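Chain IDs A, B and C follow the sequence of writing; residue 1 opens each chain.
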Amino acid sequence: MIHVTAKIGENVSIGENVIIEENVVIGDHVDIGNHTVIKKDTRIGNHVKIGDLTVLGKPTSSNKKMARKLEINLDSLVIEEDVIIGCNSVIYRHVKLEKGVFVGDLTSIREKVTVGEDSVVGRNVIVENNTIIGKRVTIQTGSYITADMEIEDEVFIGPCCSTSNDKYMGMGNFKHQGPIIRRGAKIGNNATLLPAVIIGENAIVGAGSVITKDIPANTTVVGNPGKIIKKQ
Amino acid sequence: MIHVTAKIGENVSIGENVIIEENVVIGDHVDIGNHTVIKKDTRIGNHVKIGDLTVLGKPTSSNKKMARKLEINLDSLVIEEDVIIGCNSVIYRHVKLEKGVFVGDLTSIREKVTVGEDSVVGRNVIVENNTIIGKRVTIQTGSYITADMEIEDEVFIGPCCSTSNDKYMGMGNFKHQGPIIRRGAKIGNNATLLPAVIIGENAIVGAGSVITKDIPANTTVVGNPGKIIKKQ
Amino acid sequence: MIHVTAKIGENVSIGENVIIEENVVIGDHVDIGNHTVIKKDTRIGNHVKIGDLTVLGKPTSSNKKMARKLEINLDSLVIEEDVIIGCNSVIYRHVKLEKGVFVGDLTSIREKVTVGEDSVVGRNVIVENNTIIGKRVTIQTGSYITADMEIEDEVFIGPCCSTSNDKYMGMGNFKHQGPIIRRGAKIGNNATLLPAVIIGENAIVGAGSVITKDIPANTTVVGNPGKIIKKQ
């Protein structure tokens, strides 16, 4: 079903059983896979490719146990030109995927997130709300990007990394703050970053490390808890 | 396709291409997303919301390498009132989601599992069979809940935690036992719990810790292997 | 939609809204779930069972930040007899699933991968390209199998294990090499394997360990970094 208010550009290929809701705008030369659901107000630029069985523009929801309030005035999902999105992924409203971004299969990105130009969000990566991801960033398969986090340009995050933003683990209404990863830093696979840690510019975090405090720029840190083993 | 034996309540909103199999019972004021598959015998209470592209009531399966036997007499999937389920999730037969439970996107819950009232099972959480999850529990994004595990009320499990239940790693038919997490305990992100460990009431396990033995109530444990650093 | 060039065997059960593209060949006694997409050239043997909402035979894609080149001459996806595939999974072209393989829900396997006879690829496991998985291997839920990796026969990989193949974390065009896991080795849950490490025959890696160098056959290793605690 394509809603009558949707605007579809030229040379758009639409798979079978695709649902395009009201006020969706789709540019030219866009490919949309089968059984994909594009929710209302989503904007898709030229030359975008979207896989099968994907949901774009999902609104938020919550139950009474959850800290998050229901967001009712979210902006649209905006997908700029040349973006590629995989299969079986779920991207919320109020997300901006800048030009050339790649999003893998089985991936989900919540509301109030920007992913900068040419960045890669790998398969099965899950991104929480209210997080900024810079340009030319790589987030490899299966990593978890918490809420209230900042990832600067050219950061590399290996597979299966884990982050968190709540020092008190659900005990109250304290301010949540995710890690801040400065430009060019590299995080090894399955590393654990605690809430609010700052990883300095070009720092290297070894695979499997547990980072409990800030890491200066240009240092290499490994272990549990992470210790500096090298200054560049 | 809605099977002729299915019973649908009042004010039910059903998306496109939804499949509702035989003997399904759906209450009033239920929302069902697009391309969702509701398998036979599933029972859905009032005011439930289900996302797009989700499978409810999947039967089990296995190949000859797998220890599990094919279960052929499983009960129905029961979803009580006010439950919310995300998109692209897969929930098996013989699961009970009590009143007010929230299940995220890209999540899967196997057979013989109960999730207690108002608990949260985050995005991309995978729950194995034969496990009990209490009331007002939070299981954050990407955590893995093994089989034969017990999680008491008000437990908090941070993102990307991992559990296991087979001390001999597939070597034979020993009894499997997952961790037991007592009331109010909190587990930090990417922590690892070994088979059969007991995490005491209100204990705190630090992020990235590896828990190889029982943790007394009201203690804080960190490191690999986990050591007690604080008694409350 | 079933393409006119597809060949479908006898006693094949096809769910609703299934898409079968050109040159697909399906054997006898095959079950295909609802809303599943079978892309062109895929070959499916007798007695195969495929879940709902799954994509089979996906071609590769990439953006300009990614090292991988677009593969344009990939072979077909080949699924041999008695294979079982779950729901909401994504399997690429040029994958071979040998006889009796089990693939769980929410799983993805990239191109140039072989999974040997009777092996199990659990729910939410993600496998990268160019990797060989032997016969009677178990890969439990949520583990990540990187590219350029070799897993010999009868290996057991517990849940949530993480591997990597790029020592320089995206810094250049160095040769990538994933871990090599020799016959009968066992890896505990949430273990981390660094690039190119060799895990010897029948070696045991403890849960939560971080493996930074080769492990001799018949030894048990635990900790971060992993140390030998036992020779069998």
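In the analysis below, a contact is a pair of C-beta atoms (placed from the backbone, for glycine too) under 8 Å apart; a residue touches a chain by one contact, two chains touch by 3 or more.
Since this is a predicted model, take the numbers as computed values, not measurements.
Novice: Go through the assembly and pull out the chains touching chain A as well as chain B.
Specialist: Chains in contact with chain A as well as chain B: C.
Novice: Validating interface symmetry: for the copies chain B and chain C, is the fraction of residue numbers used by both over half? Same or different.
Specialist: Under half shared, hence different.
Novice: Cα centroid separation between chain B and chain C, in whole Å?
Specialist: Roughly 24 Å, centre to centre.
Novice: What positions in chain C touch 2 or more of the other chains?
Specialist: If we look for residues of chain C contacting two or more partner chains, we find 17, 35, 53, 88, 106, 124, 160, 190, 224.
Novice: Of all residues in chain B, which touch chain C in the complex?
Specialist: Checking each residue of chain B against chain C gives 1, 17, 19, 35, 37, 53, 55, 58, 61-66, 88-90, 106, 108, 124, 126, 128, 144, 146, 160, 162-164, 166, 169-171, 190, 192, 194, 210, 212, 224-225.
Novice: Residues of chain C touching chain B in their complex?
Specialist: Result: residues 15-17, 33-35, 49, 51-53, 82, 84, 86-88, 100-102, 105-106, 118-120, 123-124, 136, 138, 141-142, 156, 158-160, 186, 188-190, 204, 207-208, 222-224 of chain C touch chain B.
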